[in-house]
């Protein structure tokens, strides 16, 4: 039997995607989860507590058995490939692996080589994809009643390196979103052919926000930026690209603010906006559990 | 709904305190735990296996779901405050957080800012409070039939930095203990106004032990002492403040010996005393699980 | 009540050993596990994910409660002996500890000192013993229908430092194996009196493989070898002692290939052999869970 996999947003059919989003919303409103008896493993080679805990919460609520593997500290990887590690876990009874890894494209590579009966969820690969984040963002907006086909969504920040942005753009396109606008420093704009072609770039956030229904702020990854840009000035970044109450007023009055977390208050957005009535940041966290439950249900059933 | 919190010993009513102590004793004698379906998180920013495992054992015996978060290694905290971390966990479904943190007073600060529906247990904050340790010590003595109102309790060691001592003194006072005596090196005596006022200080352990029913030995925190004292001599410490069989003979014949662990054999007490018939050290460990079960029951019901 | 322990292969009766091996095979074929309500702890002072996860999988399939303790990062061990750590866990309700530690002989030492009611499984001690690995290897061969009494088994590699080899030799002898052959570099041959006496040493693998039914390749522990041998040349090792398809052809046509993992492809064996039809490497991983379930059942019942 071939296990189902979620490697990027282009993999599953639109039908499966819509089922996941609708099921996540239903679960968040109290639908009974389908009891599961499978065993999954969280295999994280990059530090991530937020995503790991969210997958663990989702799994335990379904009654799944969960093995947590801290790949960075794992002896399993001494002189052993990620492929051998996952094959070993599968031989031990793990039926689906949730993988985060710093190497862009690793889930696509593994998907060809793994035992066909092992399920795989890409929980973020380098600068590649992060499909479950995109699905939970869509579920969050759907739960709030946003009609994507009529909406303008602005994504602002380091689009060049963001797997969150890439997966969100892919999903919003498939869901037929009205308009996607990109904003951020010139040096951090996406390379041609990297999944963002044909979208409008704004060279300032104020202009991008006009008529926006949703604005997704991307995390400033300080460590990376410091290196590649000879020291990004965070105060300067906030001045030009940070979302403040004043700036948010340029968008539609009911414009929603999203952020994948963890956020840098005072950098990509002000504390006032983060905690304000238009912020969906904690809603995203809440929906992350329900969406991952829906994903497990879809892949394991 | 406002969740219950246990931040320090002065928070809960005497009624709640007595219920916890009595319930812990009952559980240790075989009472059936109340089944729980809540989710809790152990969030530890200071290394602690003993306390963390004890909370985990207590939670799993009640049927609670437990998320373990190693705060020191958590990416959740990169550029993110403890407040945001806990709010995020709460949004994921965590109903009560057990927090250990090196910053004195952090639980009091957080208690004002956290979502009211998130429960919080202080599992030790810097040099502040450690209320669950005090409660388990009281439950241990109660299970042994010690009548606190008639007892003399001696606390010996680094009282200045000890959250264990501060919480024990607060609890013993509320429970109407007969007498509390303090002993330890002059430099490690508590500052005025820090919760120890009005108690008798002894400048040597032999004098303090006369007529004692209970002696609580505090852990020598080598790392801290080495710094602040230009190298504390451990052999010298043991000579003056270590509990030996000879010294223990000055107390009442049935005087109980306690230590919060992990102990340094040969420093704060001799191996003979630690393993002797008057030692309650393993009883404290055993009661730690039952007491934390009783605390969970009280806070989550 | 005295808890049962598995410290080395010489401890249990042949009856218990045979029960474990047969039960592991039965479990692997679908026998219902005996439900357990005990609490165990995995206490690992050496990095090991493979063995730790395997014990955790085995325990959770039986319904056991599992506490994972990373000994290297545990504050429980600051100024505290392994003995005190295990006694503390026992006082908290842990009924059986699975211990891995770098110190050779520690499980034998602890076995004398621990509370008699605490069970103990040696999950690898320094260069000493690794009895559960030997049992799972025997179960793997049994499940494949190998008749050990008529088999020639070759063990190849660093026999001097290998707890895997020592426990396998002890078990194969007790099970009345036909012949055991040893092969490996002169400098890594076992010392006299270390459990390998009376076995035939081959000074090249090709000669050892003639008529072999099973060949167990040992892991090259790069870190150790580099130090003790002034830099072992891995390519040179592979040339002389690596198992390749050509070399394997010297053995019986149906000769099985085993490796305890994690393997260094291209060092102790070629990728072609590791993934070939004679390889039992993933079978060993699979049987590791069933064997450890059988061991828990035997020790906890």
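Order of writing sets the labels: A, B and C. Residues in every chain begin at 1.
Note that in this section contacts are C-beta pairs under 8 Å (C-beta built on N, C-alpha and C of every residue); 3 or more make two chains touch, one makes a residue touch a chain.
In this text the structure is predicted, and so the values were computed from the model without any measurement.
S.K.: When you check each chain against subunit A and subunit C, which touch both of them?
M.R.: Both-contact set = B.
S.K.: Taking all residue numbers at the subunit A to subunit B contact, is the shared part over half or under half, that is, same or different?
M.R.: different
S.K.: To test your reading of the model: what rotation angle superimposes subunit B on subunit C by C-alpha positions, in degrees to the nearest 5?
M.R.: To map subunit B onto subunit C, rotate by about 120 degrees.
S.K.: Nearest whole angstrom, what separates the Cα centre of subunit A from the Cα centre of subunit B?
M.R.: 41
S.K.: Quick check on subunit C: which residues sit in contact with 2+ other chains?
M.R.: There are none in subunit C.
S.K.: Provide the residue numbers of subunit C that touch subunit A in the complex, in ascending order.
M.R.: Of all residues in subunit C, those touching subunit A are 46-50, 53-54, 56-57, 60-61, 222, 261-265, 267, 282-283, 285-286, 288-289.
S.K.: Which residues of subunit B touch subunit A once you look at their complex with the stated criterion?
M.R.: My answer: residues 39, 65, 67, 69, 73-81, 84, 87-89, 91-93.
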